[in-house]
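Read through the structures below before going on.
Both complexes shown next keep subunit A, but they swap its partner, so subunit B is in the first and subunit C is in the second.
Moving on to the complex of A and B:
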């Protein structure tokens, strides 16, 4: 009895934290989403969300988030795989993580210089004879910089699951005559799918609501749901509409968690 | 468990030490006394040396914070978390803040230097009798363009921007009213138009400009134009003056169809704790020599008539930045259009931004 009491005391900070900083804000967001611009209760914001403007924005957010996640995965999986094969894998891993300690804004400004008309990237293109291209403010630069920023978060979980993989299983596959490709598709990949799933979660969800990069790197040529939320809260002061978009983002987030969730099956 | 407790105690100790260090540092800089003045201003909008001069002269220590949009400023003042003693909103925002009872009336008898301000900038419609606000800087919205990159092309009209030769050449500042205003002006409508058909028409006209637009950016526009990332930009006059100083190939023009004329004024928000100090600061800024020094640093146009004497001749006779009254009469000042119209402007601006090439 006594120990159960102390245990529930230990639960107190966690419960308070959840109530004040997770549940209450979400309830507030939901509450605001039902207020129109004059503070009256209405469903107008939800109606507005289903107009072509916001639907298009939702689809394009999804499309860009998908591309960012796809390219991150494409680069991250082989990198993580090679990392597990190297001698000083912890050191290499540290080197990959270090850039993520630098403030995002600083990195974005650095890319403004690198990708600009007279930047390093264009000097390189001129040197190899392709000539000057517009790189900054294009879809390419947006996806490139986003992938650069998200890649450490994709590599880490995949690296961990590859590291935990029992090497004897691969030996077993070899002994049974499986080709390298078969070993990868039938043994390695299925056993590390959980790492891939958490990597996708960590990248896809923030990528959906990226907002600063859309202005700095994409020059507002890419508009995501995050951009719209920022604008509604800071400029228009239409908190209702901003909250409505946030509600949909939260719903989408739960959906993605459900799809990529860790369903433990017997291995 | 023992380790956990130990870690917990260690973290607490470090926090207490850091806290003590911060309060010690604050004491040595005089931030903790009652005699502080909190100023809330736009970024890059005062000569930092002047703050030191003011502190030395009055013994008041200044806490200086910046904002990047009128709306963000108003949100923070309304929340009242920080006791801002001075803020510098633009004209339409002053009207709005006054309507929401967020301002403290200014006692003009405490401002002997107010006589330095040009009559032209006093008693304007957004604050009759200057009951709540004192002019700080003013300016216009226009086009900055690069001679050498454009091969001597000249701009006189907003419609010149629609030239198909200017593909991918234009940078716009990320402001709904500035960009929508450009669309409205190019069609001959008012900047304060609230007719939804006119606004939609302006948005559609802007959509046809999309092939010429390289990007819609924030304050970075200054660096980008100075570095010749693009030859044309829609900017505020002071930003233009600033980058023209850095890059001699640039020129600034206010298009003939009309444009925006704006005023940034100093106000004392309801959050003020040091109203006396705020008056002293306003009077300090109004001093002719101080205003001249500030103007040279900020490069926006000063409303301070007495300060003009202390400024370089070529700066104050430059009609691009000090347009005479007969020119400014053609320009329009933003009116507070109300929440609903503002939201409509922003919705259209968002749609315009989403329009793809």
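Moving on to the complex of A and C:
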């Protein structure tokens, strides 16, 4: 690593990776978004995106992603809060995280059995007298399974920010006569908002781009932006339109990251 | 009441997995009526040569991609660490993170375009390259903190004692980074094993990994082979988690990694 030259040789693999797998794919997606189905340069795809069909799809994709994020948060926040109160909280946290390490496909497959016509859910419904219902391939099953899959991802950042919360602040709030609810809304929640934001970021963007679950669990009834991209690339072979939707998904992703603050996800 | 809620969440999180494992021993062939205990599905699984080849493919892709991604990632981390200018460094870092924040569908679609434009045949190598590509940034992110925590006087001392650049790298820097490298390799391994979306786009015909295979099986409906397979995968995952837990303990990472 003496001279500049040896260093740039040494860096070559990483540089190549960045050029070929980060910069080139982005440019290619943008380039393809300007090609119509015959490979001619045009703005037709963008025009098409602003027709009611695609706008409606974008809107419904947002609506589903919103519902999934909302219910994940609704379950994850109390869970994370209660986890911090347990004795071996790191161990419990690990146990909550373990299901997220299990192959996504297997979890989706499990729900095919659970929610199916003769599955456990219908046996339960019959037992309490409601009777057999179509559960699989409905909006409900899609949202339920998605929430199931995203909950650990939502719990983790919230748990971390709750864990960093200084407990003396809660004592102070109590001493000053705040009720439990006031302590929560005025002290705990505002101080853990960063965790909530990164949780939303981790859940909302993938929720927009789900395509496997929409096929397996929602039975093609739900079309998300991800499903539309997959459809255009692998089924109808209209790569230009697929790339255009991808461009919009990337723009939406940046917008959400800007709103929720630029926190790293995943690790 | 509080504990009840927590237990309920635990129950819901684990129930589907236990459900799968339970019915993998069902002789009835369905996931709703348990007839009697059998190991037939496991026997069938182990006699299914095609599936075993796919398992092997998956493992080969995971190990190779994790290994290569770790090497590239270490190089990347060293390079980013060496950049002194703050803005340049942040730019490289944000480019590094693009593949971590991008949805899988976009990574898959853009790689498909890339391989098609360059005339690269879809199959083992396109899957391997894609897995290397999306694992590199996570290795960089796990190695980089270790690198910035390392005291520069270590390198100076080694140089004063007459070590050449290669010695400094292999005998001082890399051993110091090893916990980060281990964690990075492990994360890359699990990313690869778990990936469905990206592989689905770039796999073409003739080559398949486990996730893609489970998807096509599941689209055809329930078959208890998959249950038997998931039991084995579950055990494998548990082993991986335990290994990772010990690595993390040694490295004193106080947060547990979540999958992408």
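Just so we're on the same page, the second predicted complex is superposed on the first by the 241 of 267 C-alpha atoms of A that agree within 3 Å, B and C clash if a C-alpha of one lies under 4 Å from a C-alpha of the other, contacts with A are read in each partner's own complex, and residues count from 1 in each chain.
The rule is short, and it goes like this: a residue touches a chain if its C-beta (ideal position, glycine included) is under 8 Å from a C-beta of that chain, and two chains touch if they have at least 3 such contacts.
Note that the structure is a prediction, hence the values are computed from the model and not measured.
Visitor: After the subunit A overlay, clash or fit between subunit B and subunit C?
Guide: With subunit A aligned, subunit B runs into subunit C, so clash.
Visitor: By the touch definition at the top of the document, which applies to A:28: first (subunit B), second (subunit C), both, or neither?
Guide: second
Visitor: In the overlay, answer first, second, both or neither for which of subunit B and subunit C A:102 touches.
Guide: The answer is second: A:102 touches subunit C but not subunit B.
Visitor: Applying the document's definition of touch, where does A:116 land relative to subunit B and subunit C: first, second, both, or neither?
Guide: After superposition on chain A, A:116 lies in contact with both partners, subunit B and subunit C.
Visitor: For the three-chain arrangement built by superposition, which of subunit B and subunit C touches the greater number of subunit A residues?
Guide: Here the partner covering more residues of subunit A is C.
Visitor: Of the two partner chains, subunit B (first) and subunit C (second), which one does A:216 touch, if any: first, second, both, or neither?
Guide: After superposition on chain A, A:216 lies in contact with both partners, subunit B and subunit C.
Visitor: First (subunit B), second (subunit C), both or neither: which does A:234 touch?
Guide: Once the two structures are laid over each other on A, A:234 reaches both partners.
Visitor: With both complexes overlaid on chain A, does A:18 touch subunit B (first), subunit C (second), both or neither?
Guide: In the superposed model, A:18 contacts subunit C only, not subunit B.
Visitor: So in the superposed three-chain picture, is A:86 touching just subunit B, just subunit C, both, or none of them (first/second/both/neither)?
Guide: Touch status of A:86: second partner only.
Visitor: Pick from 25-33, 151-159, 169-177 or 223-231: which stretch of subunit C gets in the way of subunit B?
Guide: 169-177
Visitor: Identify the residues of subunit A that lie in both the subunit B contact region and the subunit C contact region.
Guide: 109, 112, 116, 118, 215-216, 234
Visitor: For the complex, which residues does subunit A have touching subunit C?
Guide: Per the stated touch rule, the residues are 1-2, 6-7, 10-11, 13-14, 17-18, 20-26, 28-29, 32, 75, 78-79, 82-83, 85-86, 90, 92-114, 116, 118-120, 123, 148, 151-153, 156, 160, 202, 205-206, 208-209, 211-212, 215-216, 226, 229-230, 233-234, 239, 242-243, 246, 249-250, 253, 257, 264-267.
Visitor: For a test of understanding, state which residues of subunit B touch subunit A in their complex under the given definition.
Guide: Touch residues, subunit B against subunit A: 69, 71-72, 75, 168, 171, 174, 176, 214-218, 220, 223-224, 227-229, 339-340, 342-343, 346-347, 350-351, 353-354, 356.
Visitor: Note which residues of subunit C are touching subunit A in the complex, please.
Guide: These residues of subunit C touch subunit A: 2-3, 5-6, 9-10, 12-17, 19-20, 23, 30-33, 71-73, 75-76, 78-79, 82, 92, 95-107, 109-114, 117, 129, 132-133, 136, 138, 141-142, 165, 169, 187, 190, 193-194, 196-197, 200-201, 210-211, 214-215, 218-219, 221-222, 226, 230, 233-234, 237-238, 240-241, 245, 254-260.
Visitor: Could you please specify the touching residues of subunit A with respect to subunit B in the complex?
Guide: Of all residues in subunit A, those touching subunit B are 37-38, 53, 56-57, 60, 109, 112, 116-118, 134, 136-137, 215-216, 218-221, 223, 228, 231-232, 234-238, 241.
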